[in-house]
Amino acid sequence: MTDAPLLPLFILLTSLGIAPLLFALPERSAGLRTAINLGAAGLKVALVAWLSWKVSQGVIYDLRFTVLPGLELKLQADPLAILFIALSAVLWFITTVYSVGYLEKGPHRARFFGFFSLCVGATVGIALAGNLFTFLIFYELLTLATYPLVIHRGTAEALRAGRIYLIYTLGGGLVLLLGTLGLWVLAGSTDFVPGGILSDVAVAAPLAAQLLFLVLIAGLGVKAALVPFHAWLPIAMVAPAPVSALLHAVAVVKAGAFGIMRVVYEVYGIETAQALGLTAPLAAIAAVTILYGSLRALSQDDIKRRLAWSTVSQVSYITLGVALASPIAAIGALAHLIHQGLMKITMFMAAGNLAEGLGVKKVSQMNGVGRAMPGTMAAFTLAALAMIGLPPLAGFVSKWYLATGGLEAGQGWVIALLLGSSLLNAGYFLPMLHRAWFVEPGAAAPDGLAHRRIGWMLAAPPLATAALVLIAGGLANAPFSPLEWTRFIVALEYPQAAFDDLPEAF
Amino acid sequence: MTELPTIDWPTAVVFAPLAGAILAFAWPRRAAALGLASVLVTAGAVAALALQVLAEGAVLTRLGNWGAPLGIDLRADGLSTVLLAMTVGVGAFVSLGALDSYAPARADDRTRRYFWPLWLLLLTGLNGAFLSTDVFNLYVMLEVIALAAVGLTVLGGGRAAVRAGLDYMYASILGALLFLMGVGFVYLELGRLDFAGLIAAEPAPALTAALALMIAGLLLKTALFPLHFWLPGAHANATAPASALLSGLVVKVSLYVFLRLTQYMPLPDELLVTLIGALGAGAILWGGIQALRAERLKLLVAWSTVVQIGLIFVAFARAGQVGLAESWKAVALLILAHAVAKAGMFLAAGRIKDEVGHDRIADLDRSPIRPTLAQFTFALAAISLIGLPPSLGFAGKWVLMEGAMAAGYWHWVGVTMIGTLFSVAYFSRVLASFLRFDRMRSPVAEHQGWALADAAPLILALSALGLGLAAAPILAFMEIGYPFGATP
Amino acid sequence: MVEPLLLFDALLGLAIAALAVAVLTVHDRFAMIVLFIVFGLMSALAWVRLSAPDVALAEAAIGTGLTGALLLTTLHHIRAAPAAPVPVPGGVVVANLGLCALIFGGLAFAFLLTPLQAPGLAPAVAQNMAASGVGHPVTAVLLNFRAYDTLMEVVVLLAAIVAVWMVERGTVQAPAPVLGEIYRGFSRLALPAIVVIGSYLLWVGAQAPGGAFQGGAVLAAVGLLLLLGRLYRPQPAHRPFARAGFVLGTAVFAGVALLVAGGGRLPFEYPAAHAKTLILLIEGMVTISIAVTLAALFHGREPEAVPVSEKSE
Amino acid sequence: MTSGLIFGLTGIAVFAIGLFGALVMVEPLRRVLALKLCSVGAGFLLVVGAWREPPEAPDPVPHALVITGIVVMISATAVALALIRRLHMLERDTDD
Amino acid sequence: MLLDLLALALIAVGAFFFVAGTIGLLRFPDTLCRLHALTKADGLGLGLTCLGVALLAGTAGEVVRIVLIWFFVATSSAVCGHLIARHVRRAANAGGR
């Protein structure tokens, strides 16, 4: 017995519960709104910490609510859920601080923060979902909650982006609904169970199982921005910076990637998926996405657009790690879920600061920004280097595990892929760093880089996440580091892989 | 158990609104107060009836103690009771909304005074129809509903409303007369009119004719494509609370009767089931296209009713003839979902029109007035109508698709998904204009147009969303008394 | 003796069908209504042949007489409108003709295959007549066995007058033609006679063909005569009385139906000792309501305090 | 050949004629009349359903139903006619 | 038996006048002429028919009723004829002006 069996529900409510409050709050009560936001975010971090500790002690949380005959809403806190929920809790807190600073005088703040917390609530729901049905519900909620954020500026461009976003994600949601129904009809359950629930069906009706996989991955691949479902992501970057940060680092794309993980590990089971020959095509798609995203990023001048294409590429590392079907690669994938989030959110917040403080929105305007905003650019630099995979930063850790896993699985091409991708990463990040630090501000810069002061609420968050990037990489083997936790998970998902046999990080 | 049975609740459910109608008409100055009070009393009666049904199973009242087939019985089983609760629940909130819509500042004295008797007569007819077990009695109830509904349609009094009302009237009378002709054939063959007689009946040519006539009449009344021609005009041109009642409740009655009859008198051929589903698919496509082209908000909402009715008929046909025994559940859930969400949506649309001053979709984003809460309500209702989780619309769609998939009827799954895409497309037209801010001249004031009047539509929209989580108990309740079992 | 009557029936049937066609095809709208009235009377005659005198009475009085009056007064109002606004495309006509012919064929087929020997509810009615409180089976069905239907029918009538008053609010009707002295003299003669006939029909309904609806319709004719001859002009001040008249039947009917319940009895279950009295009470009140309502439906708009320029002639 | 048969077919024919009129006619009054024809047709069918060969008394229940139907129909007709009058007035006013 | 035959004869003659009146209604050129044919012939036809039916009646009560019917129908058709003629004259005046 646990002392607080409803703990997962409380965590969900810290975000969902305050949303109506935030909607109803008058526009000018900024102080109260900030207090509610930060209070809830802080509370959630605390609750998640408590939950993580409980789960690591082997406590099982399982909440069910019957919606339709036989069909339950199910919240369960397993280690995989904890991984994602911890990421969202920490980053929500930081992003909230950043958003308060970013939107200080903007319009519609009540609406913004209302949907913002709904969005995070949906993410928590996705993390805690104990079956595909519950997952689907929160997946759709996430779509609906992010749409008003994407079009927050209310311009024609934002609305166009919003429409594309909506078409893609609701379309994806619909496909996922189809997949969920299919799963329900085929297996009579949609539960997430380590080892999967489809082993019998895979024997009886392999073709149906394969088709179902295709449908599910297509539905999830939209949010995970797998090629060819990726087009919405670069367009959706018209959203305000904190929204982009959240979308790219925690909420939307991660929901897709996380869903793919759940489907491969806990709906099919890695062995069944392999037996059905499903992992190799998935890996191929991921590989294509990785290269394609990086290539497209090279030619973008808009900073946020370049970052967005980079996200397309980076998120697929996670899918790749899952699809390689090796425990070590799985560790890499799971770690990358966290690491990519930390890195990308740093970069988006930094990009937002550049736009706010200096009016710089394009790579070609970045000349000399390092001297104008050293703190922000330091954080950006750190995150960029980590992305490229410089040891001992976070990105290196995940890439290392992926490569090792690839070798272990007998897939040597992964090494080449990772090398190539890293080179491309360097190809689009290094010029930015070069301009920022080593080129004199020229005539191209708007306002001659007249420095508008940005408050601490904008300046501090990227530094904090950059620090986390450093810690996650440097202290990868410390207890309770993301990497340690991922080993715990992989031990559950790969029963045959002995925990102790897993190699150390270095 | 409390001492409930001293009052016969099915009778009370019909007579309470009737008494209200009489009082509200005879005493126009107090129409609103009397009307509201009687709606609340009716709600109480329905609640008591629901408790009784929950405790004892289906409740049967043999009016005059003659018993069918000589007399007329009222019967409240789970399905009837759920629909009664839907009617009175939606009705209560629409009544609240009407207090604002017909407030002295917005509507003339006469509109306000006539709304209540007409609405209460409508409620009498609706409740009576849901409790009826006799086909001729159903005909009379359908006429009560039709006359009151036409009255509500033309309540605004404009030329478009009167013309639409007249079209509605023609369609409504014709539908009722087709039904009456069917009743004639039933009597010709069976010599009785009660449901029990229908269930026990052997197939016969006269019964086939009766079924065909009755179904044709009901489809006309329920506005299934291509018999929907009267609906968009009538629902779009009525005043908002009237539209909410018409779209939310009135079309549901003929659907309900259709459901009952097709259970008691099975369709003779699989082809017919497919045909009805195909008409539903046609409604989804045609209604979707028209909704995409609609220039006015209320017209768009009215076309969405055409689409939703189509979806309900697809749910009916989802698993073919053999699946009918289960398909009614999907139909009932969708009926419920549409009633609650569409009533909320029409009220919200009315609020938007009241605040902005017009309901031209293309110009909504030019207005500096943004009735935020009404727009939010509209969006919530749209979520349920689109069928996104966790709304009631989603639950209904899930049951629909689940059944279709299990039976291998993939075409219905496809139609449902296309319908969903359509509804996303036409509702997002509206939502985008709510959220666009770069086309207006003056700045938006903060929290504009929040009013207590938004409470009624908001609660309806939230219910449509939240009731999805209660779909399992609702389904369980609906099965009380085995609505379509061997014993009626 | 049977054969000639069957021939008569066949001719009557043909005439009825032909009249129906004529109603739809005759060009002049006045002639259309007159033909419809003839059609209605012929149908009533046919129903007499089918041993349904109650129905024939109701059809002649309400379905034909009052409906005809309603149609004529409406025609008087809209006489300025073009007779046939838009011609319907020939293809549509032919398609619908085909459809209706098909429907006729199908229904006739089903009808011919059905033996007309179903026992129906006649035995059940006969068995329970003694308990019904009245001697005439049709009245027993209307006011006792299926009283609920009849109550709802009165509700329909109530809904109609509410809707008509609502629709025509604030309108000024075209002045009706002045009918002159001879008409007035006639109506003075006819009015009391009609009242007597209406009351007789109501009273006799308990035992023989007749009853509340037929009686009410005849009494409504009193209202029509008064209105046409301007012997009575509705005033705004009369509205409360009119409303009371409209709801009287429904209220008493529903009230009695509910009040008899209790003490183990169900709604509409009249105590055997008082059944006849209660039914007569209901019938009387319903007759008043029907008469007032039908006359008001004929008059149309609610009398309002708008300046009506009727003094001009 | 019986009276019931003859008038049953008459009723069905009248119903079909009325249905045709209701579908095709554009003139408001004529549409109302067409609907009225339908109701008479339905009345015929019910009265025929009640009819028995003369020595036997007819079934009173359908008679009661038809009387109800007649009253319901005049109610509906009155509302339709009121709408027609109102529409005519509104259209005349806007045409001026 | 003789009474029956007489009654039938009266009714037949009455019917003949009705038919004649109807032919007049259909064949005569203008409203006043039609009215003339109709009111005269129908009045006679009605009287004869009523007489015939009265001969067949079984009780005195029925006879009284038939007489009442004759009286009212005759009166009302006379009034109707008057009203129609009056309307025609007014319409003619209105047209002539």
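We just call them A, B, C, D and E in the order they show up, numbering each chain from 1.
Just so we're on the same page, contacts are C-beta pairs under 8 Å (C-beta built on N, C-alpha and C of every residue); 3 or more make two chains touch, one makes a residue touch a chain.
All values derive from a computational prediction rather than experimental measurement.
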item	value
Any chain that touches chain E and chain A	none
Set of chains adjacent to chain B and to chain D	C
Busiest interface, counted in C-beta pairs	C-D
Central chain (by mean CA position)	B
Farthest chain (mean CA position) relative to chain C	A
Farthest-lying chain, centroid of Cα atoms versus that of chain D	A
Computed distance of Cα centres, chain C from chain B, in Å	31
Chain centre separation (chain A, chain D; CA means) in Å	69
Rounded Å distance between chain A and chain C, as computed from the means of their C-alpha atoms	73
Interchain centroid distance [CA atoms averaged], chain C/chain E, Å	26
Where chain D touches two or more other chains at once, by residue number	15, 18-19, 28, 39, 45, 48-49, 59, 61-62, 65, 68, 72, 75-76, 79, 83-84, 86
In chain E, residues with contacts to at least two other chains	none
Where chain B touches two or more other chains, by residue	136, 140, 143, 147, 150-151, 154, 162, 165, 181, 185, 187-188, 191
Pairwise chain contacts, counting only pairs that touch as defined	A-B, B-C, B-D, C-D, C-E
Chain D residues touching chain B - in the complex, by the definition given at the top	15, 18-19, 22, 28, 31, 35, 38-39, 41-42, 45-46, 48-49, 59, 61-62, 65, 68-69, 72, 75-76, 79-80, 83-84, 86-87, 90-91, 94
Residue numbers on chain C that touch chain B, as the complex places them	106-107, 109-111, 113-114, 116, 118-121, 124-125, 128, 144-149, 152-153, 155-156, 158-160, 162-163, 165-167, 169-170, 240, 243-244, 246-247, 250-251, 254, 257-258, 261, 265-270
Complex interface listing, chain B residues touching chain A	372, 376, 383, 388-390, 395, 398-399, 401-402, 405-406, 413, 417, 420-421, 424, 428, 432, 435-438, 444, 446-447, 468-469, 471-472, 475-476
Complex contacts: residues of chain B adjacent to chain D	136, 139-140, 143, 146-147, 150-151, 154, 158-159, 162-163, 165-166, 169-170, 173-174, 176-178, 180-181, 183-185, 187-188, 191
Chain A residues within the chain B interface of the complex	23, 26-28, 65-69, 71, 73, 107, 110-111, 136-137, 140-141, 144, 148, 151, 153-156, 159, 162-163, 166-167, 170-171, 173-174, 177-178, 181-182, 184-185
